[in-house]
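For reference, the structure I am asking about is given below.
Order of writing sets the chain letters: A, B, C and D. Residues in each chain are counted from 1.
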Amino acid sequence: MADQLDVPLLTAWLGRAAAAIEAQQGHLSDLDAAIGDGDHGANLARGFKAVMAKLGTPADPAALFRTVGMTLIGTVGGASGPLYGTLFVEMAKAAAGRATLDAAGWHGVLAAGVAGVVARGKAAPGDKTMIDALTPAVAALEGAASLPEALARAATAARAGAEATAPLVARKGRASYLGERAIGHVDPGATSSAMLLAALAEAAG
Amino acid sequence: MADQLDVPLLTAWLGRAAAAIEAQQGHLSDLDAAIGDGDHGANLARGFKAVMAKLGTPADPAALFRTVGMTLIGTVGGASGPLYGTLFVEMAKAAAGRATLDAAGWHGVLAAGVAGVVARGKAAPGDKTMIDALTPAVAALEGAASLPEALARAATAARAGAEATAPLVARKGRASYLGERAIGHVDPGATSSAMLLAALAEAAG
Amino acid sequence: MKKFINAPENVVAEALAGMAAAHPGLIRVHTDPDFITRADAPVRGKVALVSGGGSGHEPMHGGFVGRGMLDAACPGAVFTSPTPDQMLAATRAVDGGAGVLHIVKNYTGDVLNFEMAADLAKEEGLDVAAVVIDDDVAVQDSLYTAGRRGVGATILAEKICGGAAEAGADLATVAALCREVNGAARSMGVALSPCTVPHAGKPSFTLGEGEMEYGIGIHGEPGRKRIPIEPADRVAEMLMEPILADLPFRQGDKVLLFVNGLGGTPLVELYILYRKAEEIARSHGLTVARSLVGPYMTSLEMAGTSITLLRLTDDMIRHWDAPVVTPALRWGA
Amino acid sequence: MKKFINAPENVVAEALAGMAAAHPGLIRVHTDPDFITRADAPVRGKVALVSGGGSGHEPMHGGFVGRGMLDAACPGAVFTSPTPDQMLAATRAVDGGAGVLHIVKNYTGDVLNFEMAADLAKEEGLDVAAVVIDDDVAVQDSLYTAGRRGVGATILAEKICGGAAEAGADLATVAALCREVNGAARSMGVALSPCTVPHAGKPSFTLGEGEMEYGIGIHGEPGRKRIPIEPADRVAEMLMEPILADLPFRQGDKVLLFVNGLGGTPLVELYILYRKAEEIARSHGLTVARSLVGPYMTSLEMAGTSITLLRLTDDMIRHWDAPVVTPALRWGA
């Protein structure tokens, strides 16, 4: 039970995240095939495979986040590449100069990352995007007693947020072309966001 | 029972021939599909339909043959268009100046037409072409007691010649690309030639 | 899946190698990151044009690189937008000191990746402008969607802006012209068959023997509706109607009529559609002053077509007619 | 059958009307009998080039009519050779006083109809020569067959002879050059899918999911054999091998490599094939000096490809590079 996020723990997170995405690649692409173009799983699997190859031993969390962000930007493509890339690049900026992050520190860092995704993608909550998983996760991090508890709450909130995208009409991304026909399908990007946060809770739990 | 071929009888022949080809169009194209490109029925149906529309009331057999030949040349296309066209154009030349044709006269005229087809297409008997129906028909016209008997014998010889193409390898036309694979199929052009000669025997019989 | 490929993951790299081998006088292919530049890039003092997008739409965009059209194209994976490092490297490679225009089709992925590349290029001190193309009337535009997709107008904008850049126009002028072309162009497509992305190995959707997908996107995105197949003349009407209803035009306007093949539809059918589309344009008082007919923006082997109508200014006509020397579009030189 | 057509019997006429509407500056379409001439025909003092054949192979031949290539093309019904009255009318219309060359693909129908047209034209006092193209190595040539089929070399001959005619060569010289091109060119094709002739309404043959037809003809004629589908690189080898075995060439020869699409095969696959074909040519000591990649001689929507290799002389290169202004092939002007 860790009470600080440091480079080894964050590295463990990415390993779990990469494994989960590889394992769930088909599921993510199937979700995307229903309301998008069916490549979300392949896109992220390509990206996280590259992340694992590139990661090495970063000096601090900021360096780690930056490598992840730049690698995702350079290998994923599509809509999710720049968005996940921005998430990590902005997290790197917010984590600058810190060797470890406690619950409050991680809250600030993730909030900065998600703000970057919103600035880049202009999605609001309820638009049926990854924002619907990420925003409740940030909110859930506030006021937790311990880091593991905070991360567990964030993972649960993200999962609930992702599932809650099913009844929505999409207002951003490829799914927005579908209008009413998107109703009934869970958003793939929200699902992959929930997977990332679940992997973090597991790594720290 | 006619003993001379004159314009009315030849006109009746073409009517019967056009009807037979129209009725057998699918059969001829199926034969062509097996060892060619499947258009022989459509090609000849188009041509004989145009012949019936163009025929009018020609002054003599030569004029009639010439109209048929030129019309076939101008509407059939493919290999059979110029060949059947040549048949009739050469028949026109041989019939020049004659109001009617008796058995001997018709023999000379058809022989001239077939010689034209050979000159144009360079096929020899046994090459699996219309020549395999036409050449025995010319031979069968020789030395008959009456015109109807001559025509009946020619029709029978043409039919036998067409059927005898089945075991042959083709040496001319599209079927020659097939080599051994043409064996077992009757040649479509030989079949249509036999149909034409059968229609003549019926018209005069 | 029946395709002339070796392995799905090598499709883009091997096709790029083929292009490099086939057109050494016209283009250079750069790898890692992947982009194509005209053979003589950078051209000193000329505004450079960069476009790109997922692969599978060939000849768009790589086939339009060369004198008088694009300075560079960035190919992504099949139907997946390329990444910013490709666009950044391409932008650097073709910048001739007069700035670089990014011509971006309106898909979230393309827009975001080009945006990031432009941000990075600007940080390096490069002068970059971007124009987003969104001409597809199949998608209802609204504040609440990602907006209309970019389709056929992209090629027309690339040619016309390429002509203007070659003639010495500055970046602001070329960008304004690009926006003007986009604003004056409308497109609509229909598919008779799906296509198969090599990596997926199965068709992106299924269509019944008697069905067509009206309003299809160039990645096999669903269209407005799935309807019974119609004769060519009726299809031409169904494509022209929403275009003409949407495009602000006046009787007497000159237009460019672009009948595009989506890959699997033979040219003979495109000409049958062109015949009727031109007749419809004329009956609306338009003069079809320029035309383009062929498979220029494809969806792999999809059978289908799209029609793009562009209301022309004299300026656009001049730049359309200007020399172009690319693998796929060539005239005047 | 899913096609953008109105009625099978109107396909050729409506497509011709579409071509006329789309390319008024380049060509004129004449009807009854049907033929296409370049807009400025007849060109005084120039040898005129006439070709033709069944429709369904677009852009061949109508798309190659224009300055620097064909003076006229005669389209037959789909996959059926045209009739002599078409060729005769076309020959009359384009004769500029320097004689007319008929470029004829070696199919019995095409040969016989062109022969009759030439006979009739000569009776009228016109100076006509004919060259028969027979470059398809899939068919074993012998005294006992109709001989090899004419395929991809036709387009190369039309372009090169068009350049020579434009440069002022006389009829005998242009005809000799045409024979020389034909003698130095070899082709081989393969299909992944059949095509459907509109009038027939059903595919011309069937191929299993894992099969390809090796040595296919451009009318869907059966090839050498039906075999399991292979990766692109192996397909390129299988097409190049019989070509190289048949074509008399020496190390160091310059060649033109033409990778043709049969209609339904996307450009991205043609480039993958080109990459390997060029590598094979190089490994045989050949220099690929010129290239052509695209769907130039099609079989409606058939998925497939053919490769043509032409051993070039400097003369051929010069005429290949000369300006050409046709709907489908255009450069240098």
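Odds and ends about this structure:
In this text, a residue touches a chain if its C-beta (ideal position, glycine included) is under 8 Å from a C-beta of that chain, and two chains touch if they have at least 3 such contacts.
As the structure is a prediction and not an experimental result, all values here were calculated from the model.
With every chain reduced to the mean of its CA atoms, the largest distance from chain C is reached by B. A straight line joining the Cα centres of chain A and chain C is 32 Å long. Each chain gets one centre point, the mean of its Cα atoms, and the points for chain B and chain C are 56 Å apart.
Chain geometry summary: the mean Cα position of chain C and that of chain D are 29 Å apart.
Listed for chain A are no residues, as none touches two or more other chains. Residues of chain D in contact with at least two other chains: none. Pairs of chains meeting the touch criterion are A-C, B-D, C-D. The residues of chain C lying in touch with chain A in their complex are 33, 54, 76-77, 79-85, 107-109, 112-113, 115-116, 139-140, 144-146, 149, 197, 199-200, 204, 217, 219-222. Partner chain C is touched in their complex by these residues of chain A: 37-39, 42-43, 73-83, 85-86, 120-121, 170-174, 176-179, 181.
Listed in rising order, the residues of chain D touching chain C in the complex are 2-7, 11, 14-19, 21-23, 55-56, 58-59, 63, 192-193, 209, 212, 229, 231-233, 235, 257, 259, 263-275, 278-279, 288, 291, 293, 295, 298, 300-301, 303, 305, 325, 327, 330-333.
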